[in-house]
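Labels run A, B and C following the written order; every chain starts at residue 1.
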Amino acid sequence: MAGETTAAHDHVFECRGLGLELAHHGARRRIVDDITLDVRRGEFLTIVGASGTGKTSLLRLLGGLVPASHGTVSFLGKPVASPPEGVVVVFQDYSHALLQWRTVAANVRLGLEGVIGRAECDERVRQALAMVGLERCADDHPWQLSGGMQQRVQIARALALRPAVMLMDEPFGALDAMTKAALQDELLRVHAQTGTSFVFITHDIEEAVYLGDRVVVLGGPPGRIHKFLPIELPRPRDQIHTRQMPEFLRLRLDIHAAVLEAGRDQHDARA
Amino acid sequence: MNERWRFQIGRLTAGLPPARGLLPLLLALALWQAFGPRHSPYAPPPSAWWDSVRTMLQNGKLMPALASTLVTFALAMVIATIVGGALGLLIGRSRTARRALGPLLEFCRGLPPPVIVPVAVLLLGYAESLKLLVVAWVAIWPILLNTASAASLLDELMLDIARTFRLDRLTTLRKIILPAVVPDFLLGLRVAVPLGIIITLLVEMLTSLPGIGSLIVISQRQFRSADVYGLLVVVGLMGFVINSLFAMAEQLLLRRWPPRAQEMR
Amino acid sequence: MPALKFNLPGTLTILAVVGLWEFAVRSGAVAFDYLPPPSAVFVAWGGLLLSGEMLMQTVHTLRAVLIGWVLASAIGIGLGLLLGFSAWARRYLLASLELLRPLPAVAFLPLALLLFNFSLTTELVLIVYASIWPVLINTMGGVMSVGTQLYDVGRTLRLSRARTLIKVILPAAAPAIVVGCRLSLGLTLVMAIIAEMLANPHGLGYAVVSELQAMQPQRMFAYVFFIGLLAIALNGALIGASRWFLRDHAVSSHE
């Protein structure tokens, strides 16, 4: 399916025919195939798909954590060969992504140490923690905090780098519904305040609609773009009101149908 | 039939490191052989080791010593296993016993094994039974303590199940308690086996009671360095064989238990 | 650390055992020729402490233990890091090491005696050779078990390779390394005593054997119990030290 494209200088990411193959028990398996996609500046792009559709691999390709086997992916016009400056990945497993032996503040500092001066470092850490509401926990250790707070620490760590794009791999998947809702709103606030672009993976369709400006539905395996859906819901979004709007419900239905369709196509292709 | 054999061998060797890793050792031995001074009192070449071992085999010194060491070790392990396992179970199941005996057991466990030897000599004299008792005493502790710990941590749920099914004490022991403590018991045994080998050799060295240990010491006192090196290799092989046999037995026994996370010795 | 509750049954048991021993020997009920009663052992202990002899032997043993442990830890950590980080090193070294590891260090003692005679060197060689293994194995295992996630974190935050290793990977492997060093210390004490019994006429090990040969059972027992208490104290101190060193890490249940 052809990707949607807009004016080039508006893009942070451009993917053309992007594909990834990995060796698995001797055989080579295509994880992600023919991804053509642009991420616009300031956009909140959500990606949904069933398991096995290569969502995480796509994110890792964008993040420069794994080299592409086919096609191209470029960030601000330059091809991505290694993690580019201005892009940070936030992982789902926060407890293993944080340094449990460092304080919260020291964790948030991790990407800045040695790169900028101490004074500016401390200031950025303070700001990042304030943005996620964790100023009072600066001297605690991650293992003393709840899951939701640990994930916020990871987000603050990414924010301290003032990235152009944040890539998030099902960051709220391990959290309970109420914490999830609170963090969703926090993320939207950060998005509004900083203008950072987001690429957000989730298998929760409602979350994808609630957060996103655009939703990409992946099918597969191998992961292929099945459909793009623009989300024209007003911002700022609200957990209660937005989720009850007819447009929200329609989008939810459409995406659900698209996911099922993607699954069926896959099944038919195999048959 | 061939398929099955290949599969089994593959399973046994799966955990082994790549054979290329033996290169440094083989290389060192080869260099030693090529450039080592033939009759050095300190570093005779491997061929001299082989000659001396063969000589000791032929003049009947090696086999009796090896037999003495192995028999003592095996008997001591049997005693330690039975006594350690039984006592461990009893102590583990009784809260008062654990509290009362705790400090005493900790002290006995912490007492460095070599120190036991002079005490045993003092009390028992240089008798053959000394070797057996010392090795058994040292080997008991890991087994006893591990079994006791497992027995004390038995899931109350399992005992409730036994009660619900109205199983009598013997059946409960056999079908519920024993299988639950076997993995930890084997862990204790895994520590006790190499420990047992070490202590057997140590006792022989300290008391000159017959065995490989005393053979090595005698060779050392006579400055027969090739004998010492040769016997070292024999000890190494002996240890390797014993540990491998134990590992295989452990694998066989634990077939039916859920796999444990990789243990680091 | 939970407050130590006074273990009444435990203390009573120990007192009972001591009491029984005293009674058994004094009343002639137990017929070991050379078993002294605890009171005599205690008196002998006092004498050894006052004369400074026990202190002298203890200092020797502890010095050997400390030097040996530091050396073994340094070599063990160095090799362990190399093997942990380098698959190439593992491929070409591991099998040789696996063959050497189960060899009882005790068997090397006569060899060390041949080469270095009755000396501190022999004692240290034995201690270091035996004590390297726990450190090496645990360090290697610790490094290899650091999840790939942390490497990804280092990369996405664009940390240099050196920074990633020093600030992320090594601290993550630290708990395992500390356990290895702790196991190694216990082994160090044991090997020191063995060496002192057989190959270096100094220190606590030597003291035990020489009192045995001098037919001084009270003094021998005094040394024996002192060694036991020393071992417990060392282990306790080490557990405390490792808890302090790893204080920032999540509370670990493995000791």
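Keep in mind that, in the parts below, a contact is a pair of C-beta atoms (placed from the backbone, for glycine too) under 8 Å apart; a residue touches a chain by one contact, two chains touch by 3 or more.
Quick caveat, the model's predicted, so the values are computed rather than measured.
Once the contact rule is applied, which chains count as partners of both chain B and chain C?
A chain counts here if it touches both chain B and chain C, and no chain qualifies.
Using CA atoms only, can you tell me which chain is the most central one in this structure?
Taking the mean of all protein C-alpha atoms as reference, the closest chain is C.
Using C-alpha centroids, which chain lies at the maximum separation from chain C?
Of all chains, A has its centre farthest from that of chain C.
Could you find the two chains linked by the most C-beta contact pairs?
Per-pair contact counts point to B-C as the maximum.
Suppose each chain is reduced to the average of its Cα coordinates; what separation in Å results between chain B and chain C?
19
Between chain A and chain B, what is the gap in Å from one C-alpha centre to the other?
54
Using mean C-alpha positions as chain centres, tell me how far chain A is from chain C in Å, no decimals.
That gives a centre separation of 50 Å.
Can you name the residues of chain C that touch chain A in the complex?
The touching residues are 147, 149-150, 152-153, 155-159, 163, 167-168, 171-172, 174, 246, 248-251.
Report the residues of chain A in contact with chain C in the complex, numbered from low to high.
Contact set of chain A toward chain C: 63-65, 82-83, 85, 87-89, 91, 93, 96-97, 99-102, 110-111, 113-114, 141, 143, 157, 161.
Mind pulling up the chain C residues that touch chain B in the complex?
These residues of chain C touch chain B: 7, 9-14, 17, 32, 34-35, 90-100, 102-111, 113-115, 137-138, 141, 176, 189-190, 193-194, 197-198, 205, 208-209, 212, 217, 220-221, 224, 227-228, 231-232, 235.
In their complex, what parts of chain B are in touch with chain C?
16-25, 41-42, 96, 99-104, 106-107, 110-115, 117-119, 121-123, 194, 197-198, 201-202, 205-206, 213, 216-217, 219-220, 223, 225, 228-229, 231-232, 235-236, 239-240, 243, 264-265
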